[in-house]
Amino acid sequence: MAGSVYGTIFKLSTWGESHGKGIGVVVDGCPAGLPVQESTIQTYLNRRKPGQTKYSTPRSEGDTVTILSGTFEGLSTGTPISLAVFNENQRSSDYSAIAQFYRPGHADYTYDSKYGFRDYRGGGRSSGRETTGRVAAGAIACTILKELGIEVYAYTKSIGPIVIDYQKCSKEATFTSPLCMPDPEASMQAEQYLMEQMQDNNSSGGVIECIVTGMPVGIGEPVFDKLDAALARAVMSIGAVKGVEIGDGFHAATRNGSDNNDAFYLDQSNQIKKKTNHSGGILGGISDGSEIILRAAVKPTPSIARTQSTVNKSNENIEIQVLGRHDPVIVPRAVVVVESMVAVTLVDYLLMNMTTRMDNIKNFYRK
Amino acid sequence: MAGSVYGTIFKLSTWGESHGKGIGVVVDGCPAGLPVQESTIQTYLNRRKPGQTKYSTPRSEGDTVTILSGTFEGLSTGTPISLAVFNENQRSSDYSAIAQFYRPGHADYTYDSKYGFRDYRGGGRSSGRETTGRVAAGAIACTILKELGIEVYAYTKSIGPIVIDYQKCSKEATFTSPLCMPDPEASMQAEQYLMEQMQDNNSSGGVIECIVTGMPVGIGEPVFDKLDAALARAVMSIGAVKGVEIGDGFHAATRNGSDNNDAFYLDQSNQIKKKTNHSGGILGGISDGSEIILRAAVKPTPSIARTQSTVNKSNENIEIQVLGRHDPVIVPRAVVVVESMVAVTLVDYLLMNMTTRMDNIKNFYRK
Amino acid sequence: MAGSVYGTIFKLSTWGESHGKGIGVVVDGCPAGLPVQESTIQTYLNRRKPGQTKYSTPRSEGDTVTILSGTFEGLSTGTPISLAVFNENQRSSDYSAIAQFYRPGHADYTYDSKYGFRDYRGGGRSSGRETTGRVAAGAIACTILKELGIEVYAYTKSIGPIVIDYQKCSKEATFTSPLCMPDPEASMQAEQYLMEQMQDNNSSGGVIECIVTGMPVGIGEPVFDKLDAALARAVMSIGAVKGVEIGDGFHAATRNGSDNNDAFYLDQSNQIKKKTNHSGGILGGISDGSEIILRAAVKPTPSIARTQSTVNKSNENIEIQVLGRHDPVIVPRAVVVVESMVAVTLVDYLLMNMTTRMDNIKNFYRK
Amino acid sequence: MAGSVYGTIFKLSTWGESHGKGIGVVVDGCPAGLPVQESTIQTYLNRRKPGQTKYSTPRSEGDTVTILSGTFEGLSTGTPISLAVFNENQRSSDYSAIAQFYRPGHADYTYDSKYGFRDYRGGGRSSGRETTGRVAAGAIACTILKELGIEVYAYTKSIGPIVIDYQKCSKEATFTSPLCMPDPEASMQAEQYLMEQMQDNNSSGGVIECIVTGMPVGIGEPVFDKLDAALARAVMSIGAVKGVEIGDGFHAATRNGSDNNDAFYLDQSNQIKKKTNHSGGILGGISDGSEIILRAAVKPTPSIARTQSTVNKSNENIEIQVLGRHDPVIVPRAVVVVESMVAVTLVDYLLMNMTTRMDNIKNFYRK
């Protein structure tokens, strides 16, 4: 397995370590005839790129994408699109200390136990840098979705104790906030909070909310391949995500059916709509035509400069400090990763859904 | 797709509708030499079976399992195990009304939109009765896990506003509570609460917690096939589940790294352990040897006898009442479904993990 | 794995042993709105059913199919179609001898080595009776293909030394020949030949040719999922098949490019056609609009009444006779199995192909 | 789909076009702890590389492999191994003519029909150059097999009318023959034959035989995932292969059971062996411990300098000549491709088989 392949029809295969020669993804199953350009993909990668604000690691990663295959004269050909971001400067000399112990909250111990050893340079494959491949593929998926009138948007809903109400915000404000938090006042409070955490050699968690508009009704498959199940897996597969909820999520567990059911009605153009959207746009695992709404809980960055207890490879209890500068919060950089994972999942499910009805199949082949 | 197949090596294919001839599952990839008996599977199915308490629908479903293939002299042969529960009494006459409108909170509208029509008898494939196949397979998965010293246990953590602290409970109490709630006092309060909801023609949601003990370190695959991602999908694929969290879950989003990191230490037998378990037994998508802990948010039963607004197939806004008697809460019957989905997922990942290291492969084939 | 699941979108999961409670298949991913009736499926199963001529085993297998799920008012609902053939009389008493040794040419030895033991009653899962599930699913696949104007037809091309030239035959003659051999004279010669083999306690091999008409251009995926690769696997997965070829097949290996290339031309209606069809309807792994032509080499029935050398479970060299009456040739009954495997493969690939082009996807969702 | 991903546990994802920036493969699921070195992989690529003899195209392709990820200090880490061969000189200027018409025997027409357009430079993804990725992955698979004592060897069995009997050859002679034909005399005759074809502006087909030694008993899964079915697909997925047979293959179709069955016996060390190997090492889809033997029929190179009839994009019947120098036979360069596809398939099946028996699973996890 190894677990770096994703999707049924729109299929990703990602590769690369934090401090290796590069990071990349092969997208197999991208429909032919889609405009695919490095500049578009770069826009997405730049949102994930570190070193842009004081709340993300100042290491310069570069993150310049190259299209290695699968396009011809600017369009996807239907064959695998290989995308790579080559590392500009590979330094591994300063990771000798980390090789000897297991950082709390990291995958050092579990990788060593599973594989017998690990590429300890910058966390190797378990580094957040792995998400570069996902975002590159996500950029392609978002391009497909836009052609279908579907938009995936995510933002920072909370950082530590600071929570915002998106209903009161303008989406545009997301892109001017260094924390992707569209409430300017809360964004500043959160900056202040993070500053305190950094001074305290600490870090913070937060919540990302993702909203999908323009989804047609009927996407998702019954039983195991419910759309919400697929989205939960997609988002939970992002390192540091510890919880996922759809619509009212955990809040629904405290409520009554009369409050939680969304009543249907006919709107003025005789379309079936829902008066509320507690379901988060999915009923019985299938999109219901409303906005899809999901939230991801992101744990605090495990790399903190405080002294922590752990164990080393010589089987001794030791105290360590994880040196270097690290993001005090993962959330803002993970926003585009959530968007990407949601987008690649939706594309896969939209494609699968095309084969659902005999009349559609006949129309397709009988023309 | 159609979505009723699950797993990579330990593979389920479930089938059946609420009011059809039966419900079943084919398990392909069950290792050879496992004791598989109808009586063991029946024990699991009985926990899901309705009509056992006043908090579940009094319809008598029978739910008697038959093994149709894949065993020989009481042991699995390594070939597909086909399990079926045949419906004893198929009644479809009284579902004519339901055929005409879309019940709020149900999949009627999304199925119709996706497929062009639906089997409206009892919800067809979207009925909770679909989970019978999952539980039958789950019973086999649990048998495998037990042979490996792994136990999967779930219980009702909350119903509506009543929440329990499992640390203060004895596991045995789960099996004497009609609500699978191991705190006897809270269980009685929850019964009282449900009684009120029923009198009020209403229903309630709740939370199920699942705890896995005995898991070895190293299970789970990096990136997309993280163990927590797989479990999130598994549990979110159960109808009515709207949220999943691992370890501290959404609570972790509000905390600091210094509180959330689990320090490692060597115990008296020189084993690496964690002082705390905020991670819920999974680090970097791979089991860390602690208990795996997850929670599922279950929405309130959408079938309520209250008058609700909806739309019918003649495109009219109407008021309806969903008649018949329905579970006022899904949680207690879903407890064994959560256990089942967790178990089948763990078995699949345990099997995949056997192929991870070259030295293990050489030992296996060089003996 | 276990290997009894097939397909990506149109997915089969088969189950059952020769002498167990029954044989069946779950078809997940059948498009909604397809007429599915037991009588149609029965027609296909009857072609596979033994005991119909003196060249097939006179055991009465019944083979009556039941639809257990997935249809509503005669149409597929889009959810799993479960089909079962229950065994009418399970006799296992007379298989005690077979349990003790390994029949040459059978899977007794390999199953025992792989699984540690085997269901020896009638060969268990390795029996040709396993193909019942494939044919039941094949009947559904053929129904889909017919709605798209595609027909899959197979016939007996040779039995032992008797080979026919299909160009000189009428297809209808296939259905009046007890050997599915559409050349009446050759069919009688083959009957004579088989009679001699039976008297000699021997058996015969043969070749099945399959011809698909009406295939659209463009079906098949590059590289690993070439249509011919998929068909080769599909057909080679049928027990007793030892070779598969497409178009000119092994004959092409002896020829020159100038003879083997099929020239393109425009026909009177300005359609692109090929002057010849050495390629067997597939170029670069993708259907080219000509007839798809493949052949399968079927080995002689391994069950023969002659004395043979083998080994028993007490590790002794012994001489055995495989008693009972067996088909002197597998070919005629395997004809419908080849058709079925080709049909289920084509359906899966036709469905996948719908997602190939961005303009088609936009048309689908933008309507 | 798109079809460039292969395998269940040992998974390849290949990418790249003939005249793009490069060709590569991501191998996900390679066990950790395997020595993986560019020099080893290069050895395999060199065998596929053109321009080495006068019977292969003199274009200099370079074909220098780079490991981009997945190894650490010379060993596989268990995470994806990304391998790339970057094209040194991308020339596309001289392919303008080819863009306008459909070469007979090539995939030009089918790609255009499927995708709406094609990358016509050197055949794009349909070029034989695509197999570079397969061979790079095959080198890794062969390294794994060698550690298990398994060897995959292929050779040229025939070119046009010249066929050799491998029993009379020494394997070493394969590597000194420019045609990979281990009978030196026949090799020279075949060279002479090819020379004639070239002078005649023609090309030739041939047969590759592959022999696997050291395979343990028990590899392969029943029903659809039979080992022979998997190998047939693997080998048929190589462009230009039109037929595959196992053991006696099509010859078995003409024989009797008494000749075709392989009798079992106990050898001197009390191991079960077969007196003959008509089955080609596979019984019931599972390896029987004998050598696995398969043959692939390779069609003549479709690119020939002779005048041929075809159709252009302006919908005109035209005459063309495919200029440039092309291999007069594909067979010798395809030998290592066959080895590679067999090797990656065997590795995948060996890994899957580890999960077959409950006692093995218990041993693995209970240690």
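Letters are used for the chains, namely A, B, C and D, taken in the order the chains are written, and counting of residues starts over at 1 for each.
Basically, contacts are C-beta pairs under 8 Å (C-beta built on N, C-alpha and C of every residue); 3 or more make two chains touch, one makes a residue touch a chain.
Nothing here was measured: the structure is a model prediction, and the numbers come from that model.
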item: Distance-maximising chain from subunit C - centres being C-alpha averages; value: A
item: Angle (degrees, nearest 5) of the CA superposition of subunit A onto subunit B; value: 180
item: CA centroid of subunit C to CA centroid of subunit D, Å; value: 26
item: Mean-CA-position distance for subunit C and subunit B (Å); value: 38
item: Subunit B-subunit D separation of Cα centroids, rounded to whole Å; value: 44
item: Residue numbers of subunit A (touch at least two other chains); value: 1-5, 8-9, 14, 29, 32-33, 78-79, 114-116, 125, 222, 352, 355-357, 359
item: Residue numbers on subunit A that touch subunit D, as the complex places them; value: 1-5, 9, 11, 13-17, 20-24, 26, 28-30, 32-33, 66-70, 72, 75, 77-82, 84, 114-119, 124-125
item: For the subunit D and subunit C complex, residues of the former touching the latter; value: 1-6, 8, 12, 14, 102, 104-107, 109-111, 113-116, 125-126, 130, 158, 160-161, 197, 201-207, 217-226, 228-237, 239, 242-266, 270, 272, 275, 279-280, 283-289, 297-304, 306, 308-311, 315-317, 352-353, 355-357, 359
item: Subunit C to subunit A touching residues, read off their complex; value: 8-9, 29, 31-34, 76, 78-79, 144, 147-149, 216, 222, 350-352, 354-362, 364-366
